[in-house]
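We just call them A, B, C and D in the order they show up, numbering each chain from 1.
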Amino acid sequence: MSDALLPLRRMMLIRAFEDALAARKDHGFQLLSTGEEAVAVGLSLVLEDGDQLLTGGRSIGPALARGVDPGKLMAELLGRVAGVNRGRAGRGHLSDQESGFFGAHAVVGGNISIAAGVALERKLGGGNGIVAILFGDGASGAGGLYETLNIATLWHLPLLFVCNNNQLSVSTPREASNAAKELRDIGRAFAIPTALVDGLDVWAMAKVAGELVEHVRSGKGPAFLECSSLRLRSHSTTARETRSRDELAQLHKLCPIKLESARLLTEDQITNAGLEEMRADAARQIEDVMAFADASPYPEPEEVLAHVE
Amino acid sequence: MSDALLPLRRMMLIRAFEDALAARKDHGFQLLSTGEEAVAVGLSLVLEDGDQLLTGGRSIGPALARGVDPGKLMAELLGRVAGVNRGRAGRGHLSDQESGFFGAHAVVGGNISIAAGVALERKLGGGNGIVAILFGDGASGAGGLYETLNIATLWHLPLLFVCNNNQLSVSTPREASNAAKELRDIGRAFAIPTALVDGLDVWAMAKVAGELVEHVRSGKGPAFLECSSLRLRSHSTTARETRSRDELAQLHKLCPIKLESARLLTEDQITNAGLEEMRADAARQIEDVMAFADASPYPEPEEVLAHVE
Amino acid sequence: MSNDQFLTTRMFFREAVGRAVREEMEADDRVLVLGQDVGAFGGSYREFDGLFKIFGPERMRDTPVAEAAAVGIAAGAAAAGLRPLCVITYMDFLMIGFDALINYAAKLRYKSGGRLSAPLVVKTTAGAQGQGVAHSQCIEAWLISVPGLKVVAPSTPEDAYGLMKSALRSDGPVVYIDHKRLFPAPGNVPVAETVIPFGKAAIRRRGVDLTIVAHSYMVRVALETAGLLEAEDLSCEVVDLRSLAPMDVNTLCRSVERTGRLLTLEEGQVTCGIGTEVATRIFERIGVRPWIRVGALPAPVSSNPVLEAACVPNADRVAQAARTLAAR
Amino acid sequence: MSNDQFLTTRMFFREAVGRAVREEMEADDRVLVLGQDVGAFGGSYREFDGLFKIFGPERMRDTPVAEAAAVGIAAGAAAAGLRPLCVITYMDFLMIGFDALINYAAKLRYKSGGRLSAPLVVKTTAGAQGQGVAHSQCIEAWLISVPGLKVVAPSTPEDAYGLMKSALRSDGPVVYIDHKRLFPAPGNVPVAETVIPFGKAAIRRRGVDLTIVAHSYMVRVALETAGLLEAEDLSCEVVDLRSLAPMDVNTLCRSVERTGRLLTLEEGQVTCGIGTEVATRIFERIGVRPWIRVGALPAPVSSNPVLEAACVPNADRVAQAARTLAAR
């Protein structure tokens, strides 16, 4: 597979994975990342094996982008014992540190200080691994972000703050979540490098994230990346949509997968048939994923007391 | 009394009050504001009757500056029933809303959101009263400051954030408390007016605070004032001093009362005798204050269950 | 007086909450609501549907995700004279607002010597419904140990309505607790305006062999259990606490005196739990009776459907405990 | 083995804490301390005196005033492989760090299916010593109800030493609770390195008429009470819980079986308190015995010397309760 097609392929896998999951009746409810695939994939392109990514509850795309096994991830989300956490974490809390995905934590803002702790271990351990923490525009209201930014800066922690500004926190638009003109102004207050990037453009994401990753990896302390993206579905699979059909239709035109497909077509890097084949590949892969997950049972009720202490 | 002497007189009263309190064996322990009198007095010069001031635990100077009755304040600090809160609040929690001192709250950062709530009431009530919240450089590490700044800005609350940067949080120097170059950069992140003022100069304090107060009072939302001051005593009357005698001696030269006295002398607004008389006045007043407080008894143990619900 | 006072109307639990808030907002313009998604969205559980249209964004205030500041602002506004209803979507996140609620609001009247108080209501939801380890907890037992704090937890639309109204009139602070599973429950609510005073338990079912004391969603589990056991000729009385602090020890004592046995049931942990306190207060008054406590198993509540169901009490587990108790 | 194992040396409580931390830091370079004023200042109670010189600012890390982030960073560092000791000066402010401690750290092993854990120790201080409503609380009862969390509270220098060492070796999370009044207390501590395992209570005084169960500073009040009552020919056994979670129910049961009466004593609220849980666990095992619970009065703890003294238990109040209990 050519490098030029890799990001699109990864984004398509996330989309197919989440669509298949959403179609299941037995998924409980899920927080999907449709419209935000370029953020997860672009960022992951510049993270390395020894790095760790942490996220809020919207974790599926980022986990896949980091390389968590899709079958084990699906099993996790469907509550099966073959899941990365034996089906007990679910979307809000899954982790697979061996894949460089240290974990989701569904408390908005709550994972940011945790990520700084992981970064502290990286720093004291002496390797050159770094940590990235992905949080939303909504999380920019939470005090934990600021406390952690401050400490991470004072301590020169190898931590990249990545704000996935998908313009919404449940029903609350970005403007009502935070008074800062740009969310990266939060980083500016602590005098660290910041950038604002088009989070719908997977290559721009990789480029700008790469620059900040380099800063962080060089030991100069944290940096703050604001990614402007879109949430193209409702907050969760059971939440009410707050935007009109028309508005959503307009927004869908900016889908990062569409944009990247169009770019590749225009630049003659792929044909329509090639795109179709890629989509079919992803669909086939997800069929296997589903088969794997479905082959795995739910845990026994007796497991309820396992791993408490 | 001439207006020109008023600030000095008020600062001297605070100093005399706190010195007398510190000399008592039965005061438990206290957080004194020696070196920070100009912040409290300068700010209070530009607050009005319908305004409210809230503070952290270092509350005595600010309460006096706002006009809380010194006798009732001393009684409070010595645990007597004639205290503004029947002697049960103490330095960390005293309040006297009728004097425009809505209260101290000894949880660092904890009073900031409370102040925003008071400001919300002011705003919805429709008057033109405003609220000022005084907090330390140490409190700039606390998430509650940022959460509140953000909401206060979004909601255009009539709230003045006053950071009394006395350079220390217990043993932690300003530089280790916050990574921001200037603490007012925190306000800048939310795109509100900010200022940095020499908090050892009572007239500068009044002037710059006055400008921001005007902004806030005009309904345009919050503003952020950083005051550079000095803590000339140890953190509390029972805490270890972390600076050397020499260093402290140097710092004492910057005492705001000394500076203001020198200025008035230089400008021939007062004589040495006049200064002496002012000091004697303050001392006499504090004698009365002590007599008042001492005449009041401790509460009866039975009061322990009063005012719980 | 008209017959209206005996008329009832059918509504969902979430509607009963909304009605109470609407009426109190109409009657007292110091009442306002603040929290995440309480405005145009109508509340996470649609419990405020329609209120934004009536009261607008000044009184139905969306907040950013900032629980600590939200509770603090509500507490400060209450101290200054408003009567805010602060909505914390999940009780797990009330912890984030504990400083303002517990260290400030609950102690304000005390520390000010009665000169200030914080008539603030925090409305939150407890309990498990597939949302996992950080969205399922029941920590009301912690709250009832805080002097100065009142705590209520309705199990029916009628009580949701009446207790919310009392809460908004109380000189608080009050924590009012919904349960996620109750919002869609229908029930009869009086047509006439009524309030339900704090400190009054309700006997939901009469029985003679043992008393089950529960609150919130677990009252339904208790009633289901009582239904099951009827077939076995075991007659359970079911008492709904409704108000946890203050607690109606009188009603509890009378019931246990009649039945002679106590089963306490809660969805939270039994360790230092509500049930243990209920039993202690009853036995302090009337002497000891056979007692079993039932609650969640000592584990976090997973979003996994099997593990969640295994963790929190259900009618089968309660029935099992009741049979053991009856045999004593 | 040498005789060293029986030798003891006299030191203050605060020194015993510091010694434990020093030894564990020397033995395991994953151990580090973070919190306010733990560095050059040596800790708010001088409990870390000298450690900064030895270990420097990387391992004795001063944090800004940011309890939420401090606990979160410690939890994350623990999950990633370090063994942080996070210092929260007052237990009241531990609430601010509850989200990281309770919603993340305590549930991490569970939610990750055993793949991650957070061997984190939070060290904090509880209790009243003139610091008022927001610096005096004892909320350990809340903590012992959290599955996955261990809680210990020493009353002697020896236990402070041994329990802190166990805490730092535990796969936690652990909350280790000091009491402000204990730091200056002297006591004998073994010269040889020793640990005190969790889950073991200690009988501090033998008695035959009733058992007083207490922890932390209240053990001293219990001993004082026992001294007072000796003159009245009332013989009290005093059991020091030391470890609240896990709890040594065996030792408790044996003591109460011997004496036949139980007085539980704590400085916090009795409602949903430690004492109530102690009694419940004992009586579940050995059947009911006469029991009285003593704790703070249901009010905030003021910094006012008269009101503070009136609120928290003292030997007179405990003795009064013991006499009532003995008469049953």
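To be clear about the criterion, contacts are C-beta pairs under 8 Å (C-beta built on N, C-alpha and C of every residue); 3 or more make two chains touch, one makes a residue touch a chain.
Since the model is a prediction, treat every value here as computed from it, not as a measurement.
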- If you check the contacts of chain C and chain D, which chains show up for both? A, B
- Message: Under the document's definition of touching, what chains do chain B and chain C have as common neighbours?
- Response: A, D
- Query: Which integer distance in Å separates the CA centroid of chain A from that of chain C?
  - Reply: 36
- Note on the structure: Rounded to the nearest Å, the gap between Cα centres of chain A and chain D is 41
- Item | Between chain B and chain A, distance of the C-alpha-averaged centres to the nearest whole Å | 46
- Per-residue multi-chain contacts in chain B, two or more chains: 87-89, 93, 105, 107, 110, 140-144, 147, 150-151, 154, 176, 178, 308
- Of all residues in chain C, which are in touch with two or more distinct other chains? 63-64, 66, 68-69, 92-93, 99, 103-104, 110-111, 132-134, 147-148, 298-300, 302
- If each chain is a node and each touching pair an edge, is that a line, ring, star, complete or other? complete
- Task: Within their complex, state which residues of chain B touch chain D.
- Result: 28-29, 79, 87-90, 92-93, 105-110, 138-143, 169-172, 176-178, 240, 242, 298-305, 308
- Note on the structure: Listed in rising order, the residues of chain A that touch chain D in the complex are 52, 83-89, 93, 95-97, 102-103, 105, 107, 110-122, 124-125, 143-144, 147-148, 150-151, 154-155, 306-309
- Item | Complex contacts: residues of chain D adjacent to chain C | 68, 92-93, 95-96, 98-99, 102-104, 106-107, 110-111, 132-134, 139, 141-142, 144-148, 268-269, 271-274, 276-277, 279-280, 288, 293, 298-300, 302
- Where on chain C does chain B make contact in their complex? 32, 58, 61, 63-64, 66, 68-82, 84, 99-100, 103-104, 109-116, 147-148, 150
- Query: Residues of chain A touching chain B in their complex?
  - Reply: 140-147, 149-151, 153-154, 176, 178-181, 185-186, 188-192
